[in-house]
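First chain A sits with chain B, and in the next complex the same chain sits with chain C.
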Partner chain A sequence: MIKLSLSLLGTLALVLGGASTDAVAQTPKRGGILKFAVSAEPPNYDCHAATSFAFIHPVRPHYNTLLKFDEPNYPKVKGDLAQSWTMSPDGLTYTFKLKPNIKFHDGTPMTSADVKASYERIVNPTGGAVSIRKAAYSDIASIETPDAQTVVFKLKARNASMLTNFASPWDCIYSAAKIKADPKFPEKNVLGTGPFKFVEHVAGSHWVGERFADYFEKGRPYLDGFRAIFITNTAARVNALQAGEVLSEFRGHSPADRDRLKAALGDKIVVHESPWICSLVVTFNTEKKPFDDARVRRALSLAIDRWKGAEALSKIALVRNVGGVLRPGYEMAAKEAELVKYPGYGKDINKARAEAKKLLEQAGVKDLKIKFLNRNIPMPYTPVGIFLIDQWRQIGVTVEHDQPETRAYITGLRGGNYEAGLDFNCDAVDDPNLQLAKFISADKSPINYGRYTDRKLDDLYNKQKGELDNKKRYALIREFEQHALNEAYSIPIIWWHRIIINWKQIKGWYMSPSHYLNQDLQDVWLDS
Partner chain B sequence: MLRYTIHRALLMIPTLLGVAVLVFVLLRLMPGDIVEMRFLLEGGQVSPETLAAERARLGLDKEIWWQFYDWMTGIFVGDFGISMWTGRPVIGEIATRLELSMQVAIMATVLATMLALPLGTIAALYKDSWIDRLIQVFAIAGLAVPSFWLGMLIILGLLLNFNWIPPLTFTPIYEDPAKNLSQLIWPALAVGYRYMAVAARMTRSTILEVLQEDYIRTARAKGLYERLVVGRHAMRNAMLPVITVIGLEFAFLIGGLVVTEQVFNLNGIGKLFVDTVTRADYTMVQALVMLVAVFFILINFAVDLLYAVFDPRIRYN
Partner chain C sequence: MSIITATPEITYKVPRRRHPAMQFVATQPLGAASLVFIVMLFLAGVFADFVVPYDPLTLDYEAMLAAPSAEHWLGTDAFGRDVFSRIIFGARTALAVGLLSSFLGSTIGAAIGVASAHFGGRVDLAIQGFMDVLLSFPIIVLALAVVAMLGKRLVGGIDVNLILAIAIPMMPRVERVVRSSALAIREMAYIDAARAAGYGNMRIIFRHMAPNVVAPYLIMFTAFMAQAILLEASLSFLGLGVTEPTAAWGLMLSGTSQEFYSQAPWMIIFPGVAISLAVFSFNLFGDSLRDYLDPRLKV
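For the complex of A and B:
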């Protein structure tokens, strides 16, 4: 298995390296329209209120953020609107110097006042504006603008994820004048500083952007424009890709679609693969018996052969990697040697299942029957659900698979109308503050559906959040992970695996472990 | 005839009111709402306060009776509301898709009618012959094959043989007829085949029935040409049920091409229906259901009037 993991990481490195070498070796060409598919459609145009990749893919090319991820060197950040930045030694002040001559698409200059107004809208939205990531920025005490090119963020408490937050793809910088006049202006209008100007959005059909000639990065973007076509049906999307009607779809494909396209198109396409910042977790409703007993939950975790399951499921579903609470491969995630020590992650499945049976016996649970709530989306929920049913059957547990439509699934999880459910945890970036939020107490986390309170987890969460020393933070996260997996309120099963298929002429696009990143299309070009 | 027309028109009002109440209540009986769908679908870490504020903004915190009252009073002044998902007027959202759906429905109806009437008549006139059997096999295949599956076969056939698929976005026929037809002819064929099968079988059976009538025997006994017997006497009387079938099928096509539109990536009313029901976009679903109900009722009204035209007995009753 170590071999498998190494080869996977090697493949990732090759893919990333390959893309990078490609871009360096060839001189980018100007021109062309990039046509790509998007498998859903954004509800409105406001970055601060959006949560979906369907928003990022068509909208992100119109905007800039303060920082962004250095595409070939993820998770390193680099300046987007910011030219440089400093953090005070106490970690409580971040000072950003902005790049000069940045203009909005209407020709007005972008200054520090726009950055301040945009972040104030995120931290404290007014006038009916919606900001759904307020909590991530709650440590910001004040924002100052000593001059038009400088922004200073003062924090109430240290936050190890602050730089990552400033690179979040959701933190679009809006025009201060526009949002002052109407705080809801961005909901229905697209006015950014990004590489592409908004042309049209035909609801249900497509979205068009054209090159912004006054873009502050000289010579960019390379493309004349882009056309995002909304194709919700998977088969229609793959057909469109095969016919060359679209050159990519940037969320991800199943292994079956990859194999079909590879067979049909051969070397006309490039396949990019990466571990994905999305995990499937089984969450137990701790308000329902016997799931209030840690022994029962741990037994159900011990029964799952994650390693063999990952190997088998990766052939049919978009999952592949075994991991704990953080994405496998991420610098803060547990290494395999650490992972195998956690309950349910050992390599000897017979031993683990014997222990599971013993735990159930100690808890006085016989002939356990579970109604298992699962999402009705085939990929990857159904195959993973079936896998879990089989794993639990092997310790004598009977499972009824309940796959209602999505609305009922979400309401069931949130409302506590379930016993055990296949939940998910998807984020835009690798960030312990984001991913660990799934596991802290229900009164602290809106995505804890296990309905439990565990102050030890809350305390460790806060400590790691404020720890700026990476080594110490790593140790705190391991302690958090060990406790979370022992208690097994929510147990990670297998992490997703992202597969992107691009036609060969797409250059300058870099694979990342997130379908929310690297989508400003600033450096993308077409080798026609 | 005028009294008959007014009577039929007035019957539309309670029908529409019943549909309105039914769709309004049924939608709210389903678990979950649009706020959860919008913010939690991809695992967003959204606070309960934000969700509550959004519900209040959309009016979902009001009593159900008030919500119904707001909707009804809006409809009476021609305001069908704002889509809870996009924040845009639902009328505009529907109008964007209606042109495409109407065109597919019209094309499928024309194709189906042009084939169904002659095929059904020929099958009836040559009852139990090889021609009849051939037409019957063709028609039954049309009934047995789901339109979306036929659509998938068409797409795959085009892709594998010509490395081509129909355009993914809609171009109005008055802007570029060739591009428009290259997109819409395929779904029209896929749904028109089943439509044709239904109408052809109905034509055959009603003509067979009419051909047994005394007045047909009398017409033949008078020495009329068979062409006139069939064309003037049999066809006219056989058309009543066929018109009903064609009318109902046409109304169904406006909002019923749910899967076919997905297969061809058509931005039509059927796809909008699925999307909005999935998202629990109440205002949009309500408007769409009312639109389809109005279509069905108007088509039924037109069919009823045609009945009266074709059959004077209906007028006198």
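For the complex of A and C:
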């Protein structure tokens, strides 16, 4: 058995600007309430069904996962509930030993049975429970619990991303007894083993957590509690941060807000910047005409000048890089020389638009009018939406822009009640299995809103997933990407760039390329 | 002896009747000035395509957040769109939504008001009860509820549901004013005569009563134009009205304007001025029209 203490992902070309290295040098202090802003509210309380930061930021401090990312050393993983773990030489068995004396917030002990029940809920949800990322866990054949402290996962096939999956911040461990009694229990209740106990959620106002005295990590958490304040208006949120009413907002700020706060607060704040594992993609509803025609979809992709758009939008919105299906800079992502060969990624936009018009003509589509569904969160959805509408106008396409609130937007996408939509593909970690899941057939992936079936993509996805040789995996991913972008069911537009502004007294929090990571607040403390 | 008495020559000075328009200008100079501005606004909106120096929707990456200059009189926004061009096109949006919604709200309100006054009794009581319910909601709250309930439905590029959302809160307010005028008219002899002649309700309402409530109707209509423009701007600002990239004044104050207002204040100042001037003009014109048409105020 090979003891794994490092992620299989290897080193990423990340720029984790301004990580809180000073925290290492200082002795953490106990006490204080961390107040931070959240720009949206969680639609429900279930980790396994959630996809939004609006969920992770207030909810994650109440839960633990089997593994988690080693905060200052992303993408390394370390144990959260697990004390140690091993992988069999054939890569088909993972064995986890749990830490002792772990309790749920109601005082009941947490055992391997709870881990098994939680993962079974993720792999095969029953009783109306929703598991949004089950595709990533489809290789799990069985889960065994030889004793209360040991969990054994047996896989059907090797999976290069399995260890990363076990560190996902969405894989909250629930009480087996509670979800047995009601599989939908976590939707409306918060009961975890995390560093903070749930106190209250006042809709439209705030969310409060208090220190869990029986937390299994001795001396943690440092904070007495936290208070997440829901502030949906961007200007109000920035004002709250400037006034010190909140000490942070962990999703991200625009370049304009960063400059304003830097000018106003100087060295009272710390600015962290990083590439972001988040992209905006346009998804076409292939069940609606004329988006069932690949020529139409490809034409709409060809009309977009991604390079010039990225350069301009990066000045006003929290987006920066042009990329394909994986984050630019990630070792498995396409290099620029490869990207420019894909439809819609060439640098001669006039040529691309001429081809786009020809494709529309061949498809017999004249005066195309699109109903474009977008999210009403201003940053970065509105600027990117405005950009896309402008780009499509230039090949004679008229766009009706619809920006409902988050719930209606998600419902529209999931229910297929749209023609084209600005969708997001955000993950906690750089991992082809996660990011590519957006593009595989709808019957294999609950986050495919394009409602199409493409077995070639499914086949390539499975091949790359089982390929442990990075070079071969890279080639398979390129093949996948080429096919996905030719078919243009979902077309990546631009990747995000994360800017976090914290008041200086926040210590022990580390920047990551994902707004889903490092949010359990276990090691965060306040320097008075 | 004859007595000859000289008949004194009596001369009457008949006052020269001025043209009503000239009289309005003479008696209501501020109202006239407002009217000129409103007409200019209408012309700018109607002929926006010929007036504007730039396409209001085209992005210009080279001119992002450009300050007012000879090239861009009122500067550009975060996408390099010309603020002046967007204000002119915004006038089209404001006036189209304002005109249609206040026409709809005022006309339906007036028709219900006259009918309510004419029928009286239980019909009047029921209608007034319903109007009381509508009146109990502040205008913006009722508009928000309607727009949230109906969603968005574009017909010819105009959101019909937005117009309804603005028209519905106005309807009971016009209805109440028009009804009070119609109640007085109902007691007039010519209405009794019409009834005695056996005319039907519709004929009495539309031929004999409605023409006599035109003055309050017009005053409410112009006053609500201002309200409608403000409401459209408010709803767009709140993200419930017109959506990007349509040029609309309220929308110009939201979105990236909130991010860049300190760096590029022209992004919010000029649309704000446009809203203020339009609302001020319609209010002033409405007040002047009321003063001009209401005989009691001429005493």
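Here are some notes:
We adopt the following convention: the second predicted complex is superposed on the first by the 327 of 528 C-alpha atoms of A that agree within 3 Å, B and C clash if a C-alpha of one lies under 4 Å from a C-alpha of the other, contacts with A are read in each partner's own complex, and residues count from 1 in each chain.
By our rule, contacts are C-beta pairs under 8 Å (C-beta built on N, C-alpha and C of every residue); 3 or more make two chains touch, one makes a residue touch a chain.
Everything quoted here is computed from the prediction, not taken from an experiment.
When the two complexes are overlaid on their common chain A, residue A:311 makes contact with chain C while staying clear of chain B. When the two structures are aligned on the shared chain, A:235 is found in touch with chain B and with chain C. In the overlay built on the shared chain, the residue A:260 is in contact with chain C alone; chain B does not reach it. Once the two complexes are laid over each other on the shared chain, residue contacts for A:401 go to chain C alone; chain B is not touched. Contacts of A:53 after superposition on the shared chain: chain B is touched, whereas chain C is not. In the superposition on chain A, A:390 makes contact with chain C only, not with chain B.
Once the two complexes are laid over each other on the shared chain, residue contacts for A:87 go to neither chain B nor chain C. In the superposition on chain A, contact is made by A:382 with chain C only, not with chain B.
Put chain B and chain C next to each other and count what each touches on chain A; the higher total goes to B. Of the residues of chain A, those at positions 233, 235 touch chain B in one of the two structures and chain C in the other.
Only residues 41, 43-44, 51-53, 128, 130-136, 187-188, 202-206, 229, 231-233, 235-236, 239-240, 242-246, 405-408, 410-412, 414, 424-427, 434, 437, 445-447 of chain A touch chain B when the two sit together in their complex. Contact residues of chain B toward chain A in the complex are 30-33, 36-48, 50, 53-54, 57, 85-88, 93, 96-97, 152, 155-156, 159, 163-165, 167-170, 262-265, 267, 271-272, 275, 278, 280.
Within the complex formed with chain A, the chain C residues making contact are 57-59, 61, 64, 78-80, 151-152, 154, 239, 243-246, 254-256, 258-260, 262-263.
Contact residues on chain A toward chain C in their complex (touch as defined above): 233-235, 254, 256-257, 259-260, 308, 311-312, 315-316, 376, 378-379, 382-383, 385-387, 389-390, 393, 400-404.
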